[in-house]
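Each structure below is given as structure tokens.
In what follows, chain A forms one complex with chain B and a second complex with chain C.
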Partner chain A sequence: MSALASGGFWAFVAVVAGVYTIFALGLQLQFGFAGLLNFGQVAFMAIGAYTMAILVVKEGWSTWLAAPLGVAVAAAAGLLLGLPALRLRADYFAIVTIAFSEIVRYVATNQDSLTGGSQGTIALGKVGQAAQYNGQWERFQTRFQGWLGVSSKDVAMLVIVWGAAIVLLALVWLAVRTPWGRVLRAIREDEDTAASLGKNVLAYKLQALAIGSGLAGVAGCFYAWQFSFFSPDDFQPLLTFFAWMIVILGGLGRVWSVPVGAAVFGFLFAGTRFLDFPPLSYLSGADRAYVRLIVIGLVIIGLVLARPQGILGKRDEMVLE
Partner chain B sequence: MFWQLLANGLVTGSVIAIAAVGVSLIYGILRLVNFAYGDYMAFGALAAYAFNGPRGLGIVVSVLLAMLATAVLSLVLDVTLWRPLRARRAGFMSLFLASIGLALVLRQVLLLAYGPQSQEYKVNPYKVYVIGSVRLSEAQFITILVAAVAIVAIGLFLSRSTIGRTMRALADDRALAAVAGINVGRVIAYTWILSGLLAGLAGVLAGLIQTSFNPNFGFQLLLPVFAAVVLGGVGSAYGALAGGLALGLAMELSTWPSLLGGVNPVYKPVVAFAVLIAALMVRPQGLFGRARVI
Partner chain C sequence: MSARLEVLELVRAFGGVRAVDGATLDVEPGSITGLIGPNGAGKSTLFNCVSGFLRPHSGRVFLDGKRIDRRAPHRIARAGLVRTFQTPRSLTRMTVLENVVLAAPRHDGERLGGALARRARRREREARSRAVELLELVRLDGHADALAGTLSGGERKLLDLVRVLMVEPRILLLDEPMAGVSPTLRPELLEHILALRDRDGVTLLIVEHDLDFVMRASDHVIVMNNGRVIAQGSPDEVRVDERVVDAYLGAHHEVA
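Then we have the complex of A and B:
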């Protein structure tokens, strides 16, 4: 139970919740505002993280150049997927996006020369050399930690990640208040009406898809820095479902509901780690991990049944259909 | 080489096809994309293992019992989960998300029950059937026979039997079918039973041809199955059969070395999706789907 009281553990949970906030914010823009059923969000996170790591290790780029390019490549991948896939019906689009995220993961697993393959980023460099992509980031983080005057590295990361998350949330919040955001919502409600008013529906959808993918790319970079190592297994479709759960948990069609959803999810996910009272304490650690995911699955089902508008969602504006 | 790949493609394709019919029937009638279907299949595969492995029953008896068990699971889940959702008039998104939640729960329950380690059926791994230039393992041989019988049976059931025709009528136009006096609730229950039987069968066959499998394997099976459903035209059961066979053949034949050197076998699932995306660009309604205005 000691971890339950330790600040370091909860700082770690908060960092992960911050990364998930940025990740799910992209999905909120795509689904909550533009009505796009993107079930491949994790692919863009993977593309952002891998582009950054590959450019730093293989090309010797500065992290400060590689990370923005990673985000740009993720956004471009969103455009590239959207151009053919957005012509499809909504349910087909959902299936094609899942397929896309699995293709990205297969390629990352099998193209050893590009991504290090299933061994992950540690195999990015030359044979027999453990590759590191976060030297520059670590130095920055240490300097920032000294400037803050805190003892824990995780607390410094927490401030950075949540600082970035709040800036991005504010930007999206402002964006959906512009005429551009109103057109997105009009498309979500009734595509044909929006088109009949002369709006280029495909262009708006593509923009929402690309921006949301870019946000996933940002989340990918922070994810990579937080864990100092990643492999294709980190980008299972499960992550996309977590993001969906966060968006729905918080409430659809709202910006500030995303961090609420992420915090509740983070607490639920980390908190279920402490389900070690009888009868659950008779289970092994691995078995308890299964129970954790069962709880998350049941929460998803329960939400769909009981509160389809989420915690902060407005029933009048958008209910899960 | 070509004939061997063709045979492998038929084996893979028929398993995908059987599962795709199970997904397609439910989608046609309930507009439910059942994301948990892969885990229904894993449930079937592991149930057969429980009968065949520890209890030592023959593989055929085990398959039948596993199909029955999966059908019961399918029906129980309809009563406890899907029926309440229908009563709330849940839409596409709600149903899809609920099925994702269910997939998580089912898979973890299977992991709790069987553990993450790989399981195998008791078939002779050394027995080889040679037909011309084609070599089939005992597992592949059983799969090809059972799948052929099952596919013909499914086709006959849907085209000739009253229940099968009612199912297709319901998928075609629910309101019209209800007006014509079809008991919708009962047909939905039958459809879940059939979908469960097919999930159980496809799960065991997939386990047989992969030789070893664990509770996580349902999800890997699911994506090619979805691809087959979409390729065939969502909601069309015959289309799902054809889509599954086409995808299986495409996946295996893409590795043929004489075909521009062939694709690395690890990319077989990618080939399935490439075929799907290419086909959707040309025919967004699927091979057998009807273009209609919604």
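Then we have the complex of A and C:
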């Protein structure tokens, strides 16, 4: 139980919730505002993280150039996927995106020479040499920690990640309030109507998809820096569905519901680690890990039953057809 | 302002069914043209082909002499040919005012990053005041800030109509504008449609099953059956045309 009381642990939980916020914000823009059923969001996180790590280790790039390029490559991948796939109907588009995310993961697993394969980023460098992509980041983080005057590395990371999340949330919030955002919402409601009024539906969907993918790329970079190591296994489709849970829990079509959903989800996910009181403590640790997922599932079902519109959603919008 | 629409030998099939089977028609600029025919005659498919929502399998469509049958729907709308749908298509989770302002053409604020320009903010103000004017016209201004989903079916029909006017059309294709509108609102709707022709010089092509309305409003009536144009002329000519009566009542009807 000692971890429950430790500030470091909860700082870590908050960092992860911040990364999820940025990750799910992209999905909120795509689905909550433009109505795009993206089931492959994790692919763009992987592309962002891998692009950054590969450029740093293999090409010797500065982190400060490699990370923005990682984000740009993630956004470009969204465009590239959207150009053919957005011509499909919504449900077929969803299938293509989940397939795409698995393709990305399998390529990362099997293209050893590019990604380090299933061993992960540690094998990015020369054989027998443990590769590191985050030296420059660590130095920055230590300096920032000293400047803040805090003792925990995680607290410094918390401030960085949530600072970035709040800036990105604010930017998306401003964007969706413009006439541009109005067109996105119109497309979500009825794309034929939007087209009949002279709106270029495909162009708007591509923009939403690319921006959302770029946000996933940002989340990928932070994820990579937080954990100092990652492998293709970190980018399972499950992660995409975590983002879906966050967006639905928080409320669809709202920007500030994303951090709320992410905080609730992060708290549930981490908090259920401590279910070690009887009768649960009679189970072995491995069994308890599954019980934990069951508990998370039940709590989410309960929340959605009680508030189908999400924590910050509007019910009167929910009941309209 | 008024636009001419020409349709030449248009064909569109669904599987083995040729819903539109070589239809040729001409809509005079500044006219109200009624398009009638029994169910399944191909009227809605023709609308969908002309407005770009369906690609015709052969044939051509001209707007003021320019070919438009390969263009995407939004490009056809921007060229001045705008359509409504048979069932109301109000964007239910957006406000009534947003529904109308959305349709404003040439709005810089709709470009990503363009929204901050002063020009975009001026355009937004213009669009909003024009939208309020249009809503006043159909007495929906009292509902401007309500979600469109709270309106009745008839009110949504009116909302859809003023929304397409926002696009500044030169030719309007109305798909059953009277369907679902209460009888008390119909005379008013008819007046609005006549005013579009007389005041704004908009060309109108109207599919409608309310024959009384079609005969009263139209300058010209086109009759379709089995995907083809079987008759056309003034309302009086069409009314007594043997082929039209056959199409509606069946070819072997007995004349009492």
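Details
In this section, the second predicted complex is superposed on the first by the 309 of 321 C-alpha atoms of A that agree within 3 Å, B and C clash if a C-alpha of one lies under 4 Å from a C-alpha of the other, contacts with A are read in each partner's own complex, and residues count from 1 in each chain.
In this section, contacts are C-beta pairs under 8 Å (C-beta built on N, C-alpha and C of every residue); 3 or more make two chains touch, one makes a residue touch a chain.
Only a predicted model underlies this, so the values are computations on that prediction, with no experimental measurement involved.
Within the superposed three-chain arrangement, the count of touched residues of chain A is higher for B, of the candidates chain B and chain C. Of the two partner chains, chain B is the only one that A:Arg87 touches; chain C does not reach it.
By the touch criterion defined above, A:Ala175 lies against chain C but remains apart from chain B after alignment on the C-alpha atoms of chain A. When the two structures are aligned on the shared chain, A:Arg185 is found in touch with chain C, with no touch to chain B. Residue contacts after overlaying the shared chain place A:Ser113 against neither chain B nor chain C. Residues 320-321 of chain A contact both chain B in one complex and chain C in the other.
Considering their complex, residues 33, 81, 84-85, 88, 90-94, 96-98, 100-105, 107-109, 111-112, 116, 219, 223, 226-227, 230, 234, 264, 266-267, 269-270, 273, 276-277, 280-281, 284, 294 of chain B touch chain A. The residues of chain A lying in touch with chain C in their complex are 175, 178-180, 182-183, 185-186, 189-190, 192-201, 207, 253, 316-317, 320-321. Here chain C touches chain A in the complex through residues 51-53, 72-74, 77-78, 82-85, 89, 91-94, 98, 101-103, 105, 107, 109-112, 114-115, 120, 124, 147, 149-150, 163-164, 166-167, going by the rule given at the top.
Within the complex, the chain A residues that touch chain B are 37, 84-85, 87-92, 94-96, 98-100, 102-103, 106-107, 109-110, 237-238, 241, 244, 248, 286-287, 290-291, 293-294, 296-301, 304-305, 308, 320-321.
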